[in-house]
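Across the two complexes that follow, chain A remains constant while its partner is chain B and subsequently chain C.
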Partner chain A sequence: MMNNIIETHDLCCQFNRIKSVDKINIQIPEGAIYGFLGPNGAGKTTTLKMLLGLLNPSSGSIKIFGEKMPTNRISILREIGSLIESPSFYGHLSGYKNLKIFASIYGLPNSAIEDVLNIVELTPHANRPVKHYSFGMKQRLGIAIALIHKPKLLILDEPTNGLDPAGIQQIRDLIKRLPTLYNTTVLISSHLLSEVEQIATHVGIIHGGKMLFQDAFDVLRKQQTSYLIIDLEDPSKAYQSMQKTGWDITVNHTAISIRLDTPGQKTKIFECLKNFNIINVKEKHRSLEDIFLDWTGVKKEV
Partner chain B sequence: MLFNLYKLEFKKIQWSILIFLILLDTIINASLGAMFMKSNSWYFPPSWSELYIQSLSFHALFFYPLYVGIITSLVCFYEHKNNAWKQLMCLPISKTNLYVAKFMFITTLLAITQLTFFIGYFITGWIIQPPGKLDVINYIIYGILGWLAMWPLVALQLWISQKIKNFGRSLLINIFLVLPNVVVATGFPSYIAAWFPFSLSYFAMYPQGSVLSPDFHPIFFWSIAFFTSILYFYIGLTYFINRNWN
Partner chain C sequence: MDWSEERSMIWNLFKIEGMKLKRITWITPILSGLLLLIVTIGEWYLFFREGEGGVYASFNALYLFVSISFLLTGNLLITMVVGTEHESKGWKQFLAAPLSKSHLYMVKLAWVVALILVQGFVFIIGWALIWHVYTTDPLPFLFLLKQVFYCIIATLPVLIIQFYLSIAFENQAIPITIGVLGAIASLFLARSQVNWLHYLPWSYPGLVTPFLPNHIHWLQISLGISTILLLFTNWLFYNKNWN
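Our next item is the complex of A and B:
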């Protein structure tokens, strides 16, 4: 059985009586790339800050690597690399000197600095003061700081924010390599399903401080379905006859809608409906994006 | 680990700003000391100790306590800017060690400031050659006592500085608080003034036995200094350990 790297129990966080995070139970198995998905203001950053001990939970408990946070704060943090919201560093110092500060805290040799500069492709800019970096370069430096000690757990809060498409691709490839490269478990937050879809093995969907869904990504993928929407002259009659044969079906005053589990079912449906006057047939796909938007209550414009 | 964090502070600080501040304090007070000694020479005959008293007033009443505030803000400023606190707090370092390292670093910078002030005084004296004997040991003691007397203020400022993100605002607050010092330190007896941490170095550094010497009660004074240091440090540290880092 795989161990959970992160486990929270009914984690809550409250700001001025408003619950920003409400009874969250996160479980992240070892070696996973866990996409923490939610719209703006869902409580992603707040949750990640509690995991890192930056915010005190108002109730609930956290276990990381099987140890209690914040009781064993220092030994847990030794194995975590993180980038929360915008990257932070000393603007008047060069990229190299910034990394040097972190390297000396972890007790790492200079070669670790050069390695990580190479990984994020900042080597040519290593000796410029960070305040002269572009936004994307700062973001890369932030990721470099998070990776410098080859952590067992990497926590990234919307890491591709502000990166160009090439940069996004590069970070994505890097994150995908991490589990095999350093045996790192990754927790990455995002408000874009498409981004999580491309890298995550596991997913947690948070909305309004509550966890709506959490499982392997493939389980979420299975929620995708297609519907056949059939306009009929007499939909209610068709509904009654189809329902008896066990279809997952809904009806309104012009059409019936039938859930398709396999494409081959279409012929069977037409067979059943051969005695009805079909006006029009449409197939509608309910994509992950639709599911996500349904769950998070933001309706897509038609 | 503590020593490691202390060393890191040296790498972060912008030495150009600091050297400018320290030289400013030294040069202004050495010049004022020489000038006032000359202009007051009719009432107070020039001597090494007269030069000291004239240089000291402005340093101990205004510059030194102000610098405690400025240096403390500066030492926290790099973390406030760009929100580096957040990054620092995600590192495997003890919060207590980090806080103590900052405290030690600030007192180190203040020791350098104090040392430079005395070097300025010695050089000025060497140039104008006032009559009388120079008792170096005495001045070393004043220097150390004046430095120790600022510890309660360092503890207080470190508590406050972790809250105030804006360096300019912090500077303004400090100037505003240092100004009443002229009244507090020169007008009140030490056991009252000692509760106002800005005034302490003036009492500790002013030689006793002259007409203008402040009303000084060493036992009360140092007890209050010790007690308030511990109190402010404890409150500041507890706040630092338990606070949220947004």
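Our next item is the complex of A and C:
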């Protein structure tokens, strides 16, 4: 059985009587890239800050690597790299010196700095003051700081925010490589389904501080379905007839809706309905985005 | 973790904090020390030189400025040391690293105290040099050391309050204003006839001068209050939520 790197139990965080996080139970298996998905203000950053000991939970418990947080805060944090909200850096120092500060915390040699600079492709800019870096470079430096000690767990809070498409691609490729490169488990938060979809093996969807869904990404993908909506003269008779033959079907007063698992099923459906008067046929696809928007109640135009 | 391991961690953290300091943070205590020297000597030259005390009256001039100088420099240094962390959003990155929160708090404060000590040393060295150039009268060196270092010790309670306020408020204008008002108030509090006002931490720097017979009493109070404030603010820092 796969071990969970992170396990929370009924984790809550409350500010001024408002629950930012409400009884969250996160389970992240070892080696996973876990996409923590939710609209802005859903409680993602608050949850990540609790995992890192930056915020004290109002109630509930956190276990990371099987150890209790914050009781074993220092030993847990030794194995975690993180980038929360915007990257932190000392603008008056060079990229190299910023990394040197963190290398000193972990007692790492200078070669670790050079390695991580190579990984995030900042070697040519290592000796420039960070205040002169572009946003993308600062973001990569933030990731380099998080990676310098080859952590077992990497926590990234919306790491592609504000990056151009090339920068996003670069960060995405790097995150995908991490489980094999350092055997790192990655927890990445985002409000973009498309971003999480491209890299995550597991997903947790949070909204209004509550966890709405959590499982392997493939389980979520299975919920992505097409429906054939058929307007009929007598939909209830058609419904009874189709239901007997085992179709996943619903009915209202004008139409039946049949779930399509494969496109080839359409022929069989029309075969079954040959004795009914069909008025109109529509096919509706329920994408992952539709599912996400339905669950989170966020309107498409937003 | 045994004590030697912990000591090496604290020393490592002290060096790391030193790496973060901006050049201006190093220059400030040196300039403040020189400024205190110039102002004190200027005051003596203009208003005390012709008096009965002669060259020794310079210590009266020093007493006028020493407390406000250390309080204002401390205020500036705290803003620089803590402000660097606010500007860089470094708190959350640093506190998500495997470091003891208490150690981090103490080490940052230790840097502020170390830099104020730099100001103290610059002042004492400058004073001693000028004294030897200007006069052949013996320099009461122990008195000078006591005046300067007792005053530094007596500023600790205010520095600790100021230090925690700078951490708690991201906008440094608030702690700076409190610090400046406190430093100005210190000029009057120690000389106030209202006894209970002497127990406010802003009074201590003016009360630990070797001119006063009970200065050791105030020095002990400063140390006691510093210890209490240090434990309390460290506890607040440990439990602080980093939103």
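The rule is simple: the second predicted complex is superposed on the first by the 280 of 302 C-alpha atoms of A that agree within 3 Å, B and C clash if a C-alpha of one lies under 4 Å from a C-alpha of the other, contacts with A are read in each partner's own complex, and residues count from 1 in each chain.
Here is the rule we use: contacts are C-beta pairs under 8 Å (C-beta built on N, C-alpha and C of every residue); 3 or more make two chains touch, one makes a residue touch a chain.
Everything quoted here is computed from the prediction, not taken from an experiment.
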item	value
Side-by-side fit of chain B and chain C on chain A, or clash	clash
Touching partner for A:41 - first (chain B), second (chain C), both, neither	neither
Contacts of A:66 with chain B and chain C, given as first, second, both or neither	neither
Which superposed partner A:105 touches (first chain B, second chain C, both, neither)	both
Common interface residues of chain A - those touching chain B in one complex and chain C in the other	49, 52-56, 74-75, 77-78, 80, 82, 84-93, 97, 100-102, 104-106, 145
Complex interface listing, chain A residues touching chain C	15, 49, 52-56, 74-75, 77-78, 80, 82, 84-93, 97, 100-102, 104-107, 145
Contact set on chain B toward chain A in their complex	4-5, 8, 11-12, 14, 78, 81-87, 89-94, 242, 244-246
Touching residues (chain side chain A, partner chain B) in the complex	49, 52-56, 74-75, 77-78, 80, 82, 84-93, 97, 100-102, 104-106, 145
Interfacial residue positions of chain C with respect to chain A in the complex	12-13, 15-16, 19-20, 22, 84, 87-90, 92-100, 239, 241-243
